[in-house]
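Note that chain A is present in both complexes that follow, paired respectively with chain B and with chain C.
Entry: the complex of A and B
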């Protein structure tokens, strides 16, 4: 009895010791900047000078800032559109790749590549393809007669956001495919055979067997990707720069623009902080589903 | 019976058609990146470039190494990614063990903190982080990344390793503990060997995350010799003039290591070597 007791004490001590490094990383390196970020969003902080508390002035400013509302709206469109496309395409690819056929391994590996590449590489390559004069996309569209004039993918304010979304979708579909395929492969094939014998068609099988079994992983993957897409900086920044004239500006690029181009850190932080409530809600939903799955 | 065969044929044809279209969609940008990196400038900057014609040259790669000194940037990326991965994994193996096997006050709180920090957006953190690192005297240097990158690599590793460790039955460890093994011995001789494939996959993804990172590295560094590969490539432009040949060559080089790593890791995941379970 005494041995067991001393074991629990030892465990307690060891557990706390093993947590020290991670606590340092999370609470010191991340925690302190986070708290300061929130504090500075209530100040007139600029690079190289001290911060003065100015209350809600930055946030009031945002209310009247058209670019802020534009960026928020763009962020919602960008996130919603990208997630929907990535989810549907990823699901389609996963279901197709879960069958037995020749060349399955090849397709699976090839379709995964975009997710491995640095986001910067993907963004620069698409930007080059989008180029209105030298770009291959316009060249192909013109040769095939689909358009008569070159499309201004990156300089037409009406389509520039969609141009950036295509790039995010291109890179993100494999993540959905891979997560979903991982679960599909563990499903019992006999269930499907039995369903076929009972006369259930492909769509019925999908709706009543496949979907319920993959729904936990669908929820977790979708939420994770929603959080990433919502905060996406590098893709928008490198493909469009947020322009022309903020036409494709999102919260992350607008924060950067305020901080390092307009030099007002306080205002920049109020932009970034203003969406924290949305993120907290998404995080809570995520950890709820995550716990349930485990 | 006949009609079932026919349905199957239709199903397979549809599968192939959709997958081949998907493959073209996936491969095309890669093809264009590689092709552009081997095309002479004169052929690149023409209206209506051709899909297949190529005036082959390796000059962009020579330019990349000789003029742009890209090896320095690759070296920076490699150094940062390697150190961050090793540090992140070591810390996370211990922490994940503590979170899945030991009972101590605040365990639940720490576990949820890890998840939250895994999801915290860079957009909120990059400004205070920039000031924090400058105050440490690391502003403008590659060393800044060694302080910053653990903030996303460590929570990610913990998140992954925890699920691998949870899948290992406690009974395996219990026997060793009764025989007088200490906790750390059991971690080293039982948990780590069983979870090794999972640890390997986590390591490759952690490495890729650091290698691919862009925003922090862009803010922190200004001089060419301190930049990581991703930042260096995107900096090769002068106003509106963008050196596409060199950029595409750099993209090819920067993509190769992570693509190879990913293909190896995914084959491990698919073959089930890394599902963290005991069969």
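Entry: the complex of A and C
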């Protein structure tokens, strides 16, 4: 018994020792820049100059900055809305694509295209489609009589954020879909057959068999996608530029605006750093539920 | 015990591999020759000599703004090659798209590997001057016969920080076929333009008369347009002494005029998120009747749409009630002060200007998009051509983008922050009145000018 315990301790030690190199690499590549960025958020740093410590001044300014709060609110709406839509649509498509029907291979390939396309191409294509003068979306809406005037997808402050969200959802659904589909394909069909024999309908089968089976993948996929969506810069910037008048500004684009348009690196880093606690909380919640399930 | 030893060896080797990966490749430079080559001692001497030579050889890193005209890149590359050969300086010549230049440069400066020499828009390079990142170039500016206007381009306070390469005066592009369909002459005033635009405007068929972008995601077109109107209406943002004077009845009237263009539906609603490419693209797509732009649009039309070019007339900017200003830009050389080869960068600029025939050829190859910064070139056959003459005239009348404010970092900051655009957006998006927009504008300018 003692020998087994001693072996377990040794294994743990070996594991720890083997982790040292990767921990060192992560610290050098990510830790040092992160620590430096956090420090700079407390300074008046501008490009090329020395940073002077100014305490909480950047953060005080931030909390009085209406655009910051607007960007934070937009980030929450953007993240929440996109994740919910991607999750539901991804789940739906995965379940549909798991059925046997003709042309399944074609659909699987076609639905992967949005995920495979470069972000720049996606954004430019959607910008063109949204255009109120020659965009295909308005053209279809007008010709079908659904609207009388072109919809200002990119200039109406009330809808511009949703326009950016649609692009993110369109591009992100395949990630959910294929992650879920991968698990669905490993499920034993006999379990469903047994459930059918026991009188369970489609919804009960989904609720009691499918959902618990895909739950771990759903959690990981949702966490990863939440972090990516929360930090999404490329899509929002290329589709709307964060405008008009910050109507579609999210934390990532506001950080860029502060750093590269207003030339205030210190303030930009305070914007970026201010959301680190939110991301940490998200990860802790995920870890909690993951542990609970285990 | 074996496992412990193995783990230590594995960990050590991984750390070593990582450190080796992070290190420089200096070790490979002195690598021993392969078997069968020169004797070991000789090879070692050769390797040492080679290492010594390479350490003494200079490497000038030059980031040039990518231009629409391919021939420019070829000509500049030829200059670079000649310089490298004659001066014995290795040159790393890189074309950087204008839209990426600022971010790349900021990142490079922070990372400590900034290029030695850059060419970019004066508004962009000027921001680095205002951040104290550029080398003083008073010496170069005094060695060549720059025009009076060119001498003002790179001046911040009393010091020259940028060497002008060429003016890129803007013109107003007008779809003359659409204007002629309605029997209209080209407009001479902004009010006249607005009246004519109302007749040409046809949004139901996907054609907006005017294409003035008003997005605030960087770039200078929208800010330049707003400031032009303010000046033409008799207003100023900041006066010659550096006082913020933007909140005036003239500015309010100018803002009201800008607002009316959008309110009357003469400009696509998408303009409020449009950047510097948006107006080019909408004009090239044939959905816009008038844009203000530099000569790059001509280059695109020459290559891709000669029919549109035939239906286009480039005219001088219209006048406002109190004047007619053209805010002009230019391409400039800037030397990064923290670069390792400041002297070589200066030598390159001298090398570039010492061959005036090549300079003139380079200007001409750009069509009329570029106008020379050296005295006496406007009398050439090229610039006497009726197609090219208006661009030269426009460049002579241009004032700086932040005119009449003194050249300093505050002026640069206000321009790059697009304060006027944001005030106009307040009217267009949030329904602010021109009076309120002028107050917002005053507050934002004061925030910069009165900061500690």
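Just so we're on the same page, the second predicted complex is superposed on the first by the 257 of 294 C-alpha atoms of A that agree within 3 Å, B and C clash if a C-alpha of one lies under 4 Å from a C-alpha of the other, contacts with A are read in each partner's own complex, and residues count from 1 in each chain.
By our rule, a contact is a pair of C-beta atoms (placed from the backbone, for glycine too) under 8 Å apart; a residue touches a chain by one contact, two chains touch by 3 or more.
The structure displayed is predicted, hence computed values, not measured ones.
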Give one of first, second, both or neither to describe whether A:286 is in contact with chain B, with chain C, with both, or with none.
-> first
Is A:262 touching the first partner chain B, the second partner chain C, both, or neither of them?
-> second
Of the two partner chains, chain B (first) and chain C (second), which one does A:64 touch, if any: first, second, both, or neither?
-> neither
Dominant toucher of chain A (residue count), chain B or chain C = B
Would you sort A:156 into first (chain B), second (chain C), both or neither based on which partner it touches?
-> second
With the two complexes superposed on chain A, say which partner A:242 touches: chain B (first), chain C (second), both, or neither.
-> second
Is A:134 in contact with chain B, with chain C, with both, or with neither (first, second, both, neither)?
-> both
Examine A:93 and indicate which partner it touches, taking first as chain B and second as chain C; both and neither are also allowed.
-> first
Figure out whether A:144 sits in contact with chain B (first) or chain C (second), or with both, or with neither.
-> neither
Determine, under the contact definition given at the top, whether A:251 touches first (chain B), second (chain C), both, or neither.
-> first
Shared chain A contacts, counted only where both chain B and chain C touch the same residue | 10, 13-14, 18, 21-22, 25, 133-134, 259-260, 265
In the complex of these two chains, what residues of chain B are touching chain A?
-> 11-12, 15-16, 18-19, 22-23, 25-27, 29-30, 32-33, 36, 44-51, 91-92, 94-95, 97-99, 102-105, 107, 110, 112-117, 119-129, 131-132, 147-148, 150-151, 154-155, 158, 163, 166, 183-184, 208, 211-212, 214-215, 219, 229-231, 233-234, 244, 247-248, 251, 254-255, 258-259, 261-263, 266-267, 269-270
For chain A, which residues count as touching chain B in their complex?
-> 8, 10-16, 18-19, 21-23, 25-27, 29-30, 32-34, 36-37, 40, 89, 92-93, 96-97, 99, 101, 107-122, 124-126, 128-129, 133-136, 139-140, 142-143, 170, 178, 182, 185, 202, 224, 227, 230-231, 233-234, 238, 251-252, 255-256, 259-260, 265, 268-269, 272-273, 276, 279, 282-283, 286-287, 290, 294
Spell out the part of chain A that touches chain C in their complex, as residue ranges.
-> 10, 13-14, 17-18, 20-22, 24-25, 28, 46-49, 130-134, 150, 152, 154-157, 160, 237, 240-245, 247, 257, 259-263, 265
Chain A-touching residues of chain C, taken from the complex the two chains share | 3-4, 7-8, 10-11, 14-15, 18, 22, 102-103, 106, 109-110, 127-128, 131-133, 203, 206-208, 214-218, 268-273, 275, 282, 285, 287, 338, 413, 416-418, 422, 425-426, 428-430
